[in-house]
Each structure stands twice: as C-alpha cells, then as structure tokens.
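Heads up, the next two complexes both have chain A, just with different partners, chain B and then chain C.
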Partner chain A sequence: MSSESTYRRVASKLTFSYEDWTYRKLLVYTIAFTLVIIFLFPLVVAIVTSFKTRTAVTGTLPFVPVFPWQDGFTLAQWGQAFDVLQGGLVNSFLRAIPATTITAVLGSLTAYAITQIDWRGQIAVLLLLVSATFFPTQAAIVPLARFWTVYVPLEDHLGILWGLPLLEPYHGDLIALIISDIAYGIPVVTVLFRGYYQTINQELVEAAKIDGANIFRIYQRIILPISVPMFAVVFIFHFTQVWNSFLFPLIIMSGSGHPAAPATLVLGGLGQSLEGINYGLRMAGALLTALPTVVVFILAGDKFAKGITGGGTA
Partner chain B sequence: MVKKMGTEKGAKNKQIGHNQVWIRKLTKNDFVKSLPFWLLPVSLVGLFIYGAIIWNFIISLTDLSGFGRASFDSLDFDMYVRALSDSQLLFATQNTFVLLVAFTVLCLILGLALAILLDQDIRSRGKLRTIYLLPFSLAFIVTGQVWLWIYNYNYGVVNTLTGAIGLPPIEIIGNPDHILAAVIIALAWQFTGYTMVVYLAGLRAIPDEHFEAARVAGAKKYRIYWRVIIPQLKASMASAAVILMVFALKTFDFLFAMFGQYRPQVGADILATKMVREAFQKLEWAYGAAIAVILFALALGIISPYIYYQYRVNQL
Partner chain C sequence: MANVTLDEVTKIFEDESGEIVAVDDVNIDIKDGEFLVLVGPSGCGKSTTLRMVAGLEKPTRGTISVDGEAVTHLSPQERNVAMVFQSYALYPHMTVRGNMSFGLEEATDLSDEEIHTRVEDAATMLGIDDLLDRKPDELSGGQQQRVALGRAIVREPDAFLLDEPLANLDAKLRSEMRTELQHLQEDLDTTTIYVTHDQTEAMTMSDRIAVLNDGKLQQIGTPLECYHRPNNQFVAGFIGEPSMNFLPVTLEDGRLVGEHFEYPLREETRANLGDQTDLVLGIRPEDIEILDAASGDHEFPGIVDVVEPMGNENTVHVAFEGQDRTESELTATISGMRNVEGAESIGVGIPENAIHIFDGETGESLHNRDLGDVEGDRPLRGAEAA
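Right, the complex of A and B next:
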C-alpha cells in the first residue's frame, strides 16, 4: 500500500465525515436547542409574569418581559407571595429535612439487612417493599387521615411536648405528616440503597467477617462510609419528593389555613380573590415554592437523575 | 402432618436434621440480629401502607360518612353497587383511561426521541439533560398554576400565539372537549424528561460494540437505532410505562392546582380527583374508600405482571 493511496483514503474519509458532521450536527443542535426553549418556555412565562403589575399582566404579551425601568414592573407580587408563604416555607423545611434524613437512615439499614445479611423471609420483605413503591397513595389516604384525626390525634397525645419552647400544639399535625412521609418514603429509598449495596465490593465485607466483626460493626465501619454518595442521591431525590408532595398535607391538615401547613398547601389557596385570579401573585408564589427544589436540582441534577434510575453506581 | 411423619422415618429424620440446622441458624442469630435493622422501617410500611390499604377496604364495606366512627356491624358491597350506577364515576373512569393511555404513549415516544437525541455526539449533553429533566423536579401544585396561566382564555400564551397567526382564541379550560388534552400535554411536558432519563440508563447499558458492528456492516444510523438499539430498550420502556401509568392513575395534585378546588372542570375529572373529593370534601368516607379500592385494583393490574416478570428473570 503506497503512502499516497493511504493519504487519499484518509483525506476522503476526513472530508466525508466533515460534511457529515456539519449537516448532522446542525440538525441535532437545532433540535436540541429548540427543545430547550420549549422545555423552559412555561417557566420563563411564569418568571416574566411574576414581575408584572396586574394591569401589565393583562396589558402585555405573556412572554414579553417588563424591565425594571419600564412601566408595569413590580416586585410587589414577590413581596406579597413571600408574606403569604414564608410560614409555609419554614414548615416545608421543618417537614422535609427530618422526613428525608430519617427515611434515608432507615432505608439504608433495611437495605443492608436485605442485601448483606442472610435471613429467612427477606425475599418476602423485599417484595412487599418493591410493590409498595408503586401503590397509588389514594388507596390509603382515607384510613391515614382518620388514623391521625380520629384515632391517634398527636395534638392530644403529645401534650407534654407543647410545653417546650418553640413547639405548639398544631405541630402535632406536622409530626403526623412527617411520620407518614417516612412510612411512604421507606420503600423507594430502601430499593435505591439496595441497588447500591448489590454493587459494592464484597471482599471488604468478607475480610471483616473473617476478622470477627459482627454485622453492626460491618455496617458502621464499612457499609456506612461507602454509602455517602448514595445518601447524597437519596437526600436530593427524596427531599424533592417530600417538598413537592401535596396530597398528604391536604388530607392531614385539611386546609391552607393550618398554621403548620407546608408551602405547597398554602400555595394551593393563593391568588384567588373576589376580583378574579391574580396571575402575577400566583406565578410569584409558585416560583417561590419551587425555588428550594430548583436550587437543589441545578446544583445536583445528576444525583436527582440517579435517584430516578434506581441509583446503581451512585 | 405429625402422624404422617411418625410413619415415615426418613422424612422424620430429615425433619429433625432440618430443625437442627434451623436451631443452629437461630443460635448464629442472623435473623434475630438482622431485626434491629429492618423491623422498625418494615413495621412502619406494614402499618401505614399495607395496614391502611386493608383498613381502606374494610371502610369501603361500611357506610361511613360525615363525622364520627365507623360501625362494622353490617359489611356489604353497597358502595360498589353505588359506584356502578354513578354516571360521574363512569365518566371519570373513562377519562382516567384516556389520560393513562395518551399520556403514557406520548411520554414514551417523546422520551425516546429525546434519549436518542442526547445519545448523539453532542456538546454539553449533561446540561441539556438537566434542562429537559427540570420540569420533573417541580411540584405539580406549581406546574398546575403555571399551565393554568398558559391556557388562560384572554391573556394566556396559547391564545396569544393563535391570535398571532390569525386564529380565533381557543377556549381550553372551560371546554370539556379540550381540557383533558390540555392536561395531558402539560403532564407530558413534565414527564418526558423523566422518561428520557430512564431510556438513557438503558442506552448506557447497551455495549458500544453493537452499534459499531452495525455501522461497520454499513447500516444507516436511523436503521441501527430502529433495528438494533430500540429493541434492546424494551426493559426500560416497560419500567417507564409502569411508572407513567401508575402516575396517571393517581395524579391529583396537578388537577387540584389547576382548578384550585376538589372538583376539576367538566371533562377533566378522573378517578383520583373523584376519590379525594368524595372522601375529603363530601366526607363520604366509605364511598371514597370504595373508589380507592377500584384505583388500587387498577394499579395492581398494571404492576403485578411487571413485578412478577422482574422476579422471574431475577431483575427485582
């Protein structure tokens, strides 16, 4: 094979792939960025609308922004939304942080027991947990609501607690909500941790067993340290789930007026007045409610995606 | 059983041997030692999920409504008979199926298209994936409000755009023929990114050699996807479809947010909204519980074949 023919072959290949590159790439990039616009458009509309006065909301096109130096710009909608929602946002954090943390710890422990310890019936427990990840919550909300309101009203049962500083009787419903969140979070979080624990290197665990470490020590010394990335995935994924959830607060707290209502529940009753719906206020409120999850998502979207696909190698 | 084993010596010995193994296992205590790890979480799940579902079924057999406690003296299927003759419920069931099928198919197709797009050699793939997935990270109570504004008759985006190309404004929210389609589009916007991520995980599991082999054989790219890649995504498609369908069954938040009340606009009522409304607005607990049982049965019909299959192929 002469060097000239090699050269020609390489050259033809290069020019061909170059042409291929421009045509295909152009198409792919055009589609990809058109889709970016489509996916972000509803949110852009919401942001633009949230900075408009009520007259500007009806007087300008919904996706055309009004800038601070123009007529019709206002921060009042955000201010009002913040006034209405600040208590709800605090409640949402009070709800989501303990619920997420406890669920993550319990899920990790359960997954450890299912994957690293041999015991009878673990397949049955696993099946119960996997199935429970799919159940529609509607199938359980009537008993759940009645359990917390009629049979176990925590407000009455935890009377001692309300004497403590910062705790009020209405926090009983918040605790009921957190316990429910934990119970309904355990299946999916356990499945996530289980997927991760199935992939870990067994040599370390075996070595520790030979050294005589018991199962508690193995969890504490080996499993827990290597679970850190999975804890991050679970925190991010489950925090978002709990923060966004609406049905549980609705049935346990029954209305947006409840002093322990999380932001999603408060948002449900925002912006409706006698003069019709104030869309600027509603958009500001919706964005404010979404803000913590959006920040989490932008900072750690890859972990959120891993939570969706079952973790695997976190 | 005991008598039988007495006559069959071999079986009895085997049983004793088995018992000894079992006792040894107990003294090794792996089951007992494992209890502290899973007993509390599994009890919570048992009480609040399985216990609640069973209790829900029992409530559906009573005629509990209003305030006060249920009487369990006479249990019957009256609520289910009532459901069969409730035209609103039949309409909601029909809507549920339309939503379930259209939403799932739409997400599966669009999600696949997005996944293949991001499977191309394209820069900032990670950022694009994050953007496509962003809607899925938002609460339905948030997106419901946003889409309500987009669909607004007088000032919303959709009618602004139709006006720009010279069409008359479309009544979306108030029109029973349009509202369900509008809800499906909005939900697909939110779930396409999710479906894409499930497909992308499946794509990553396919070895590059499959693609290379087909390319060396001279196959066109779209043919490679159609013939080689997409058939290998069946498992991803099945798991995404199950999640999407179960979601379609239970979606309530979005509709509540969109309409700001328990009762969606005419034409958008589905079983999930009907169930919550009967129980928590009208305080018809038993009837709401009966609708919940129907929903649960539908969900079981979707998930049990899937879980059984996963269990059989050891993919659980």
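Right, the complex of A and C next:
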C-alpha cells in the first residue's frame, strides 16, 4: 500500500511538473510573440503605407495592406523617393564609408597603444576617452557649428582642392562632417577595441617581440589580422550610427537643400508640400534610407556575431 | 650559441600593496650549449627570470649578459633568443609555415629562398613537414607544440628559452617529448634555459638544475648533486618523488630524539652538526628498509598504514609504533614484488649512511648521505662529494 501511495505521489508530481512546463512554455511564447508584434508593428505599417496612394492612406486603416491587384496600390512613391533621395544617398555613402573606416582604424590603433604598449599618461588618455563616450551630442552642437563656420571654414582653407575634377566647394562641409563623425566615434570605438585586445593572449604579442617585430609590425602582422571580427562589429555599429545621424549634418549644413546633405537630412523635407504631408512618400523614403544599414548588417553579420561573442580570440 | 650569465639579478614588482620581490639576487652562469632547467614551485620567480633573459621584463638590479656582452637594457627584438611559451602562442591567422618564417622575416635579412629552406629543414627535423600549410587550430596539442619548437629552431638563436613547454600535453606525450627535446638539444647544441615546476622534467632533461624558491636561488648543480647533496631542506624536499621524509628531532647525548624514536649517531656524523640541537632528520623513501621486525639500533617497530602499488614498486606509508596509524610519518618505496599489507606490524630500518640532517631553524643542510655505497666503480655523474 505504501508503495502504491509513493507511486501516486510520484505520478502526481510528474504530471504536475509536466503541466507546469507547458504553462511556462505558453507564457514564454505569449511574451515572445507580443514583443515581436510590438517591435514589428511600426515597420509593417511603414511598408504597407509606402505602397498606398494618398487617398488609400486616409481611406484605410494604417496596418491593412493594399495588394497590387487592389485599388489604391502604387509604386510611384518609391520611384519619387528614389529620385529625391538619390543625391542624398550618394552623399551619405561618401560620408559614412570614410568616416567608418577611418574611425575603425584610428580606434583600433588607439586601443592597441593603450593595451599593448607602455607609455606615460596612458591612463589619463583612457579616462578621457571613456568620459568622452558619455558626452552628449547635443552639448557639442553650438561649439561644433562655430568651429566649422568661424574658426575652420574648410571651404576657404581647402581652396586648391576645388579645382580638381568631381570636387566642389560645398564638399568642404561634407569633409567637416566626416571629421566630426570620426572625432565623435573614436572614443566609443576605442573602448570597444580595448575590450577585445585585453582578451588577446599576451604571449602572442611577446612571441612576436622575441621574433623581432617592432610595435608597428606587430600591429600590422598580428593584431590587425586577428581583429577582423571586431572590425565587423565596429563597422556595423559606427556605420549605422553615422548613416542615421541627423544632428551633425543639420548644424554643419544649412538644411535639406544643401548639395552635400546626406539622405537623413534630405529625408526631413521629403513629402511635405502645401497640400499636406504625403505619408506614403515619406515612408518609402525612410525605408529606402534605412536599407543600406540593413545590407551592411547582412553582409558582415556572421563576423559581427563572432566579434560579439568574443570568438576568434587567440 | 653562447653562454648566458645572470649577475646579481633582482626583479621587484610594485603594486598598491607594496613591493614584491619576484627574483632576489640570482647568479647563474650558463655555459655554451648547456641545458639548464630552472625549477621551483609556482610563484618562485622562475618564469620571471626567464622573461628577463628574453627581455620581456627589465631587471630592477643586476646584469644579464650573453657571451660577455651585457644585454640587460636591450629590447627582446635586439636579442637573438627564441622562446617557446606554455600556451605555444602560435599566430592563429597564419599557417604553420607563416608561423615559422615570421621570426626570420622580421629579424633577419635572409632571402625568401633561404627562409623557405630553413623552414622546410626544421619542419622535416620535427616531423611536421606535412602540416606546413595548416592553421594552428587544425593541429593537435602535440603538433602545436612542435610548431612552437620549430619557430624557435629556425631562428638559430644564441639561446632557447622554454617556459613550461610540456605542461599542456598529456602524460604519455609529455614523456615522449621529453626524450625528443633532449635529442634535439644535443643535436643543435644550443644553450637552453628550460623552466618547469615538474621536478621529473628537471631531473631527466637537464645538464644542470637551478632550484628557485621565493625568488632565491637555492642550489645550482647536476641533477644527482641536487638529489644526493641538497644544500638545504627545500631542495631535498623538492627534488625526488615521492619526497624525502623529514622528521623533526633534537640532538641529545649524541642521539637524535624524535617523538617516537631515538636514533644513535656515529661520531663522524655528529661532528658535522656543531652545536645545533634543533634538527630535522631526512631520509629518502627508497632508502628506508622495511623489515619483518626491528632489531638493530637504527631499526624501529612500525605499522603499515596504506600501501600504494605502482606495479614496479610499492609506496608504503608507515607509522612508528605508539603513533596513530593515520598519522604515518614515513613514506617508503619497496620493490613491487614485495607484499606488504595495511595494518601489518613491521620493522623500519633507517640506515645511517643514507640520512641527511638539516638545521631545524634555517633548513640548511648539515650532513648529507654517504655515497660510499654507489654500485660499480664509477662515481655517480656529477654527484661526487663536494
């Protein structure tokens, strides 16, 4: 009899834990799906709206899609957005690619100097860099605007360059923007690289020293090649940052009409007219502008994951 | 090839809690082509000493010279030494060939062709010539170890510095590599400094052993010198496996009096002890005789605690009579063919010509064993009485 009651007790426990497990699962899935819906909802609305005509936007619910065979479907807004943003997208690439590359290289070099080489004052430099990562962008806008317009007007200083083919005086503002992006990006990128370099087996650098390599050769032949996953992380991170940034172009360039304005700035004026706001056009423009960051993420995604998890460290 | 000299080398690390003396006034003279093993427990300063020879650490005081030329303030790049690290430190993004040629590309002006030949030769010598195009992560631990050695060999350096190179290998591979490293060093005849905490490696591989403890050099000598004529209790206890037995005793009327035994001494042994009465009696496990019963002056009744059979020999833990069995003080090794059981009453023989006596306070050796009973007519290599 006692064995029977034991059996029952065990059985009831097993059943209970089984039910418990399914409730848990149900809860987890409910929360997960809720989060997915919350996060994807705006994106879905944006995509759906970008294919609607102006009348369809006002006539239908925002999240109800209009299919190609239905009234109110249009591709014209994508075409129009592309026409308007074309120049801005080119400017954005001209800005983001050098800004990201140079920031990554400088950040990696700085982190290398801070982690692998002993020199006086490196703690102070590190502290400065760390505190700079907390520096709010908004606090920099006035000094930055004055710096580029009053003290260092690149358009005047680089006068000789504008004679070259493909370069125009208004590119001075683009260069100013790139330099600002680099300056603003170096601290956080350095801190990222520093974390990575601290996990590198110290004996690797020592072995290279004994093998006769000087500090530059060690960087070039050892550190740089094994930093590839971290470069992917930094590239994605900073590319997105620079591509999406609005404040710096806004204060360095006069407005969306500036010939060197990046896409984010041009986007601000898109779809606004006397007849009101063309939401479909604005959505198409926004999605178009967001596309390159998604592409970058897809291209460097596997390296990114490797860098995030710290894989590839020797 | 060169001789390496460490002259009063001291390394002090400073941190928030104060100064840590890692290496304290070490003098070592390593002859050209010699295989010197630096051995000691972890934290004894052996790796720091090696790193100072490599140039990775700057000595706080003292001079390191290679072939009579001071290199103390030269950077690692400017010294012609090669080092093998415990982690091997292979460059993960380079092939085996890339790893082995890196040093030659950076440190020498050799042509690509010469580098190629040297790498091929070294790889053939180490039996890794078919792995040259692989990356380190495609290699086993033993293969990585060989690549690390190959990287050192191609440099043809003044000295090889090896920092626990066998520590990450499994036991069987380790003993194979031990023999192979010895052959290699004999063939190349390059001055080698080898750091290990493993006294077996130190005993089996070296021409001379330097025993370090707490940053201080305890003894430098041939393996058998350190084994049979230790300078102090530390060396006696560190070299040899199982360790030497130590029994605290006092000298009373020409006898050593321990807690459970009294040990009469010969006149000539006593003469070595001076006025010191607080002493430690040392005896190697293999010198202890396990007898059926105690009869002589130097034999004592005892009880077997535990027997650890090793096959070729048995390690027997023995307690003196009147002592709790589990507090056994003596470890003896006897032939594997002899049968002794736990709890058995036996006699323990401690022959006087095999005993060591140490100063109880300083640990300094006052009397070392006789070597008169060496088998054959040749003296033990390097262990002649000083």
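We take it that the second predicted complex is superposed on the first by the 275 of 314 C-alpha atoms of A that agree within 3 Å, B and C clash if a C-alpha of one lies under 4 Å from a C-alpha of the other, contacts with A are read in each partner's own complex, and residues count from 1 in each chain.
Here, contacts are C-beta pairs under 8 Å (C-beta built on N, C-alpha and C of every residue); 3 or more make two chains touch, one makes a residue touch a chain.
Model, not experiment: these values are computed from the prediction.
Q: Taking chain A as the common reference, can chain B and chain C both be placed on it without clashing, or not? Answer clash or fit.
A: After superposition on chain A, which the two structures share, chain B sits beside chain C with no clash.
Q: By the touch definition at the top of the document, which applies to A:Leu128: first (chain B), second (chain C), both, or neither?
A: It touches chain B, and chain C stays clear.
Q: Tell me the contact category for A:Ile222 with respect to chain B and chain C: first, second, both or neither.
A: Only chain C is touched by A:Ile222; chain B is not.
Q: Would you check which partner chain A:Trp148 touches, where first means chain B only, second means chain C only, and both and neither mean what they say?
A: Neither chain B nor chain C is touched by A:Trp148.
Q: For A:Phe193, decide between first (touching chain B), second (touching chain C), both and neither.
A: A:Phe193 sits against neither chain B nor chain C.
Q: Does chain A have more residues touched by chain B or by chain C?
A: Comparing touch counts on chain A for chain B and chain C gives B.
Q: A:Tyr184 in the overlay: touching chain B, chain C, both, or neither? Say first, second, both or neither.
A: first
Q: I'd like to know which partner A:Asn214 touches here: chain B for first, chain C for second, both or neither.
A: So A:Asn214 meets both chain B and chain C here.
Q: Looking at the overlay, what does A:Phe239 touch: chain B (first), chain C (second), both, or neither?
A: A:Phe239 sits against neither chain B nor chain C.
Q: Once the shared chain is lined up, is A:Phe231 touching chain B (first), chain C (second), both, or neither of them?
A: neither
Q: Just to be sure I read the superposition right, which of the two partners does A:Leu204 touch: chain B = first, chain C = second, or both, or neither?
A: A:Leu204: touches chain C, not chain B.
Q: Once both structures are aligned on chain A, how many angstrom separate the closest C-alpha atoms of chain B and chain C?
A: 8
Q: Share the list of chain A residues that count as touching for chain B in one structure and for chain C in the other.
A: Residues 214, 312, which sit in both footprints.
Q: Any idea which chain C residues touch chain A in the complex?
A: Those in contact with chain A are residues 54-56, 75-77, 79, 81-83, 85-87, 89-93, 102-103, 106-108, 151, 155.
Q: Show me the residue ranges of chain A that touch chain B in the complex, using the header's touch definition.
A: Those residues of chain A that touch chain B are 24-25, 28-29, 31-32, 35-36, 39-43, 45-46, 49, 57-58, 61-63, 106-107, 109-110, 112-114, 117-122, 125-132, 134-147, 150, 179-180, 182-184, 186-187, 190, 214-216, 219, 240, 243-247, 250-251, 254, 264, 267-269, 271-272, 277, 279, 282-283, 285-287, 289-290, 293-294, 296-298, 301-302, 304-305, 308-310, 312.
Q: Within the complex, which stretch of chain A touches chain C?
A: It comes out as residues 201, 203-204, 206-214, 217, 221-222, 225-226, 312, 314.
Q: In the complex formed with chain A, which residues of chain B make contact?
A: Residues in contact with chain A: 30-31, 33-34, 36-38, 40-42, 44-53, 55-56, 59, 69, 114, 117-118, 120, 122, 126, 128-143, 145-150, 152, 154-157, 160, 189, 193-194, 197-198, 200-201, 242-243, 246, 249-250, 252-253, 256-257, 260, 272, 275-276, 279-280, 285, 288-289, 291-293, 295-296, 299, 302-303, 307, 311, 316.
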